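In this document, chain identifiers A, B, C and D correspond to the written order of the chains, with residue numbering beginning at 1 in each.
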Amino acid sequence: MSENYEPNIVAFLCNWCSYAGADLAGTSRVHYPANIQVIRVMCSGRVNPLYVMNALQQGADGVLISGCHPGDCHYMEGNFYARRRMGMLKDLMEFVGVDPKRFHMSWVSASEGHKWKEVVEKTVEEAREAGPFEGFRRRQIDW
Amino acid sequence: MSAMLLNKEKWPEFIGKLTGKNLWAPKLEGEAMRFAPVAEDEVPELTDGNTRIPPKNIVFPQTETMYRFQLGDFEMKEPELKEEMILLGIRPCDARAMVIVDKLFSWDVDDPYYLKRRELVTLVGLACSEPGLNCFCTSLGGGPASTEGLDLLMVDLGDSYLLETITPKGEALVSEVSELLIEADTEKIKMKKKMVSESEGKIKRSVDHKGIPEGLPGLWEDPLWKSVSASCLGCGTCTYLCPTCHCFDIQDETEGFEARRCRMWDSCMFEEYTLHTSGHNPRPTRRERTRNRINHKYNYYVDKFDVIACVGCGRCINLCPVNIDIVEILRQVKEAL
Amino acid sequence: MDLEQLRKTAAEVVVREDVKYLIGWKQGSYGYRVAPVFVEDASGAAELLFSPLCTANLATYLTLVEKTPLPRGQEADKRKVALLVKGCDSRAVTQLIVEHGINRDQVIVVGCPCPGVVDTEKLAEKYPEQGKPAEVEWNGENFVLLCDDKETELPRDQFLAEKCRLCRHPNPVISDITVGEPVEPWTLADDNGVEEIEGKNLEERQAYWEEQFSKCIRCYSCRNVCPLCYCQDCILDRLNPTWVNRAVNFSENTAFNIARAFHLAGRCIECGECERVCPANIPLGKLNRKMAREVRDKYGFEPGVDPEAEPFQASFKPDDPEDFIL
Amino acid sequence: MTDKPKVGVYVCHCGINISATVDVETVADYALKLPNVEVARTYSYMCSDPGQVLIKNDIKEHGLNRIIVASCSPRMHEPTFRKAIQEAGLNPYYLEMANIREQCSWVHEDMEEATAKSKKLVASAVAKVRLLEALESKEVDAEPAALIIGAGIAGIQAALDIADAGFKVFLVEKTPSVGGRMAQLDKTFPTLDCSACILTPKMVDCASHPNIELLSYSEVEEIGGYIGNFDVKVRKKARYVDFDKCTGCGDCAAECRVKDRFPSEFDQGMGKRSAIYLPFPQAVPAKYTIDPESCLYLTRGKCGKGPKCQEVCKAEAINFEQEDEIVEFKVGAVIVATGFDPFDASRKPEYGYNDYPNVITGMEMERLVSASGPTGGKVKVFNGEEEIEPKEVAFIKCVGSRDASVGNEYCSRVCCMYVAKQAHLIRDKIPDANIRVYYIDVRAFGKGFEEFYDRVRRENVRYIRGNPSEIFKRGNKLVVKVEDTLTATPLEDEVDLVVLGVGLEPRADMREIMDLLRLSQSPDRFFLEAHPKLRPVDTATEGVFLAGCCQGPKDIPDTVAQAKGAASSAMIPLARGKVMISAQVAEVDEATCRGCGFCVNICPYTAIELVKINRFGHEVEVARVNEALCKGCGSCSAGCLSDSIQPKSFRDRQILPQIAALGVLK
């Protein structure tokens, strides 16, 4: 692993809680690592588990999915579906040898700017520990 | 054409001389053999049986990059093919299959990718002493020691290999290892003949294709197609493992804003193979697809190139998950004629 | 197994006016092969077979049959389809009902209680296949191979198929007609079939699956044979968007296999067909069994046993595990 | 869709908010190299009028058909730019924003890193915008009626405003009477108006207003639908008294076999009521209610020889057979005005609220000083068994407010003033009392507050800075143990009465409303408004508004102001008579749908159903979306195995290229 390796994290945030929470972190000028890039979706339930696979395949070293706290989903239940799907995916990914440190899920509400920072820090730190993702990365393979 | 003898004691030395030249040989991986590069210091053992995946991927890779480009840009970068290779231990049926496929790839236009790879490869065949359960090469003009398509044929005579050169490529190869070889005497030639005829005798399955190419059009609507295809899963096993199947699809694959155009094996047994953009599918069910597979091999190809596009390697029979057996289908076709 | 009774029952079913055909097993063209057969009349029923070689899950044919466009004015054939099922196969039927893949009243399920089938690969390794079709029968605990007028006892613990060692439902969970006596469920194997992989560390797992997935030739037989892979248009065939490139390499093959296994999470009924048909011998069953076990242990759900169940992937419990949440 | 995408990328400096950390010129230069990007510019304030004009002109001049604005959060200005490009003739959904302010320049310090990240975010936006589709918003009729939940002063004021404007109002109140917390207060600070005197007329108005349907003793059970078309189900709880027949004479309560046995909710448990009761004399509606939990007949099935109330009621209004009634109606907007709970003083056990009857809360004090209260307005408390008029009175402020140990970090905003008011009232009623107020800070920020505070101090009320640590009994005195932090003197102050200036808390039952309307909480656990400054009465759920203390502690004038604000916001769809429904809804590809029904199961809005269609002669089931019900969350899509249901603007084919752009570009 190179000394100055910076993990590349793709995050999927629900519009109502986590994206708003990340915005709040901005408004509050809370600083956190720049390794994370956010894709906004309306609900964590929108995140197709295969996005995670796809992100790793296409160059992400880590993936984060964040939604509203259970019971607080703007769409009532979306985060429950997300939780079940991601729980299953995590088991599967680990089984095929993907480091669980590359994959995180969190509940961050619209008011938890500070929690967002902590979540990002943890995600980046763990992805850094896991090192560059080489597993089934598309480019590794004669592309 | 010359016949030389390689004592098996010199086998490692023989291999040693070739490994630097991009040598490939059958290798047991897991439960099945497949062609794989031979590493330095590695001495492959040639055993009975054939590779599960035919060596067609050596000249016709399952996925081949045609060129690369940037989205929104017209500049193309083509790959360069230049490395020569030696394919050691290819079975006569598979070599013969390449000759059959050559006709297609050099027919109306010359396919640069395929023909270049063909030019770069030297095929060193290995005659079969123990044919497989479902081999029927002898029914189709091949045989355990058929030389068609080979540059060099090796025949296992117990303590030595008989090496018969067939083409200048084969001769060139032999000349590089000539110090390991001795001239084969008539005794050895006789031994070979005996081995070959014994081997032919072990082939239990056969196809009587007389009249089939001409007769197939008449059976277009025959109920047999429905019954033989009813259990078909529509998977690509038979075609992907067939040494003469050569269909491909062309796809653009992107990653970010970069892209490549590539071609990859396709199978006429897949539903999308003939699916039109409109949603219409001229071969809507597995019946039409199965009928096409048989017709392509035993009728259309004969029409166009005067040869049956089947070499009797038996792979499709061995590996069909639902026991669809081409020999059995052809028997029914023959019966229906 | 009383084959006469099976054939008689089948004959009675196929002659019914509201029945299109019966799907069963018949002897194959050589060796240990058994082929699926579509019986349309009483005479065809005489070919039927039920033996330890009948591994194929025929439920896949319920959704495999193409619905081609009908000429104007022509009615779709709405007759029922009858099929023979083992315990595991019957779970596929149940799961298809849950998922609206089939209508319950469109199928006639002929249940065959199953004492377990043989692993034909292991069998062929020990007793190579012959050109002539061989027979295998159940004989008490064990199997017996009938070949060339010779009877060879096949010890159950050596030849029982992997999926059967872990089978929880040897008797059909759904059936309209049952042929044969219910069998006593046996003690499950101690291991869960995936411990071997779970015992590896991440690098070893990665290496193991890299080797396995690299072998994949993307023939899609695993998908096509699966009774629960019945989408009109599989996402793995899609180009817009492209989830998985058609290119055959370790990366795409892995993506393909992850997607396949994930889509079957909470749906796979562990019939083992994907693994059986794979021409590259990829241990696909391990992926499915792993997911099935997690679904059972962590979420308390077993697919294909209750036709009234809510689909696992389309439901949740407020207390689903969330120990992985940051 | 047929036109080749021509993308314009607009990178905003946001003054120096972005450009101090992100090299915006570099980002624009980079964007220009991305596929289909025709124009890339920077500007100091993209959202300003000249900024928008810049975009509009480019659309016209360069024929741009996709726009990316790299600036602040789309939650801030997406509507602004959608409108701008629409004005230039583009479909408003051909817009994508790259959030390089809240999620980049404001959270990263290193210019190189922030610039690199901005490039990726722009690239990801380009990847998506190329594949966006034009969407048309649809208009549907809006029901010209509003639902107001809670009939305290906030609910009452909002109801009156909306009803006066000519719209129907359904005012739902959980308790038997409207009035809420304000009805319990004696005087209001700082003007010392009689609370009841100013509230009662409004209570009466809202009961008699022809446009208001008052549903008291009722609870909202279900709210479905969406802005303009909410379907509401309300449970009218059985009063066991015929609403129309009851004359409110009170004979029943006087004769009740368990007369005055139960603590009166209205009097904070200090007074008593019967099983059949009117919460307070001015209650509206003036109809009696039988409490099913205390009535002998309802709890035991037997009440003497027969229920007395039934016997004495001349109007024959008592009806033990009465059952809950479900009322269903439609409204176009909803105002939540559910109020607050006073802090439960027993959660500060060191103050002995549960142990000593002469430790009381501010709310109890309100009842005690009220002429209509349990003591008729006389300040009398029990000290042990003995009823006394307290001479030594201590107030403690910030009980349950500004106190992380009970989870309430916020200031309750009213306690400073109500304590001052109560001190003044005690001074009025017990002129020789020694009154002191223990405080942390005095916050007298409102109109007339500081003046009032000054007045009270001049009335010989001592303000001692200190936060008491304990209250215990010594002899027949309560001892307040406290350190005067101005003089650093520990005190043990002996008093007769302690009034705890309890703060305001979110209602214990607010979860029910959250679930009904899909509202969120802010960190203080009150309802979360859509924007703390610019949309203080809106919520994240369109058509649902907040009024009063349910959104956070506030005094009466603020509550009334917010109620009026909420009423005016709620009236927008009602007055227009139409609402736009989101165009970003899910769509089914019927050609590939396998009809498994997973999406039907998943959809929390029952917006999807399976329908039978004819597919080339075969009857098959496929999913179909009711666009008016769909909220576009996309949960269905992630659960669809064949990818056949897709939320517009968030389709897989739009998101996957975003992922690719973020992953690949280093």
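Here is the rule we go by: contacts are C-beta pairs under 8 Å (C-beta built on N, C-alpha and C of every residue); 3 or more make two chains touch, one makes a residue touch a chain.
These numbers come from a predicted model, not from an experiment.
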| item | value |
| --- | --- |
| Most centrally placed chain, judged by C-alpha centres | A |
| By number of C-beta contact pairs, the top two chains | A-D |
| Approximate Å spacing (C-alpha centroids) for the pair subunit A, subunit D | 30 |
| Interchain centroid distance [CA atoms averaged], subunit C/subunit D, Å | 54 |
| Cα-centroid distance, subunit A relative to subunit B, in whole angstrom | 47 |
| Where subunit A and subunit C are represented by their mean Cα positions, the distance between them in whole Å | 36 |
| Sequence positions of subunit C contacting 2 or more other chains | 68-69, 242-243, 245, 249, 313 |
| Sequence positions of subunit B contacting 2 or more other chains | 254-256 |
| Subunit D, residues touching no fewer than two other chains | 591, 602, 639, 652, 656-657, 660, 663-664 |
| For the subunit B and subunit C complex, residues of the former touching the latter | 29-32, 52-53, 62-63, 133-134, 204-205, 227, 230-231, 233-237, 240-241, 249, 251, 253-254, 262, 264-265, 267, 270-272, 284-286, 317, 319, 321-325, 327-328 |
| Sites on subunit C touched by subunit A in the complex | 194, 197-198, 202-210, 213, 243, 245, 249-252, 254-255, 257-259, 261-262, 265-266, 287, 290-291, 294-295, 298-299, 313, 316-318, 320-322, 324-326 |
| Subunit C partner contacts - residues on subunit D that touch it in the complex | 591-599, 601-602, 610, 615-621, 639, 641-644, 651-653, 656-657 |
| Residues of subunit B touching subunit A in the complex | 255-256, 260 |
| Complex contacts: residues of subunit D adjacent to subunit B | 34-36, 123, 127, 591, 657, 660-661, 663-665 |
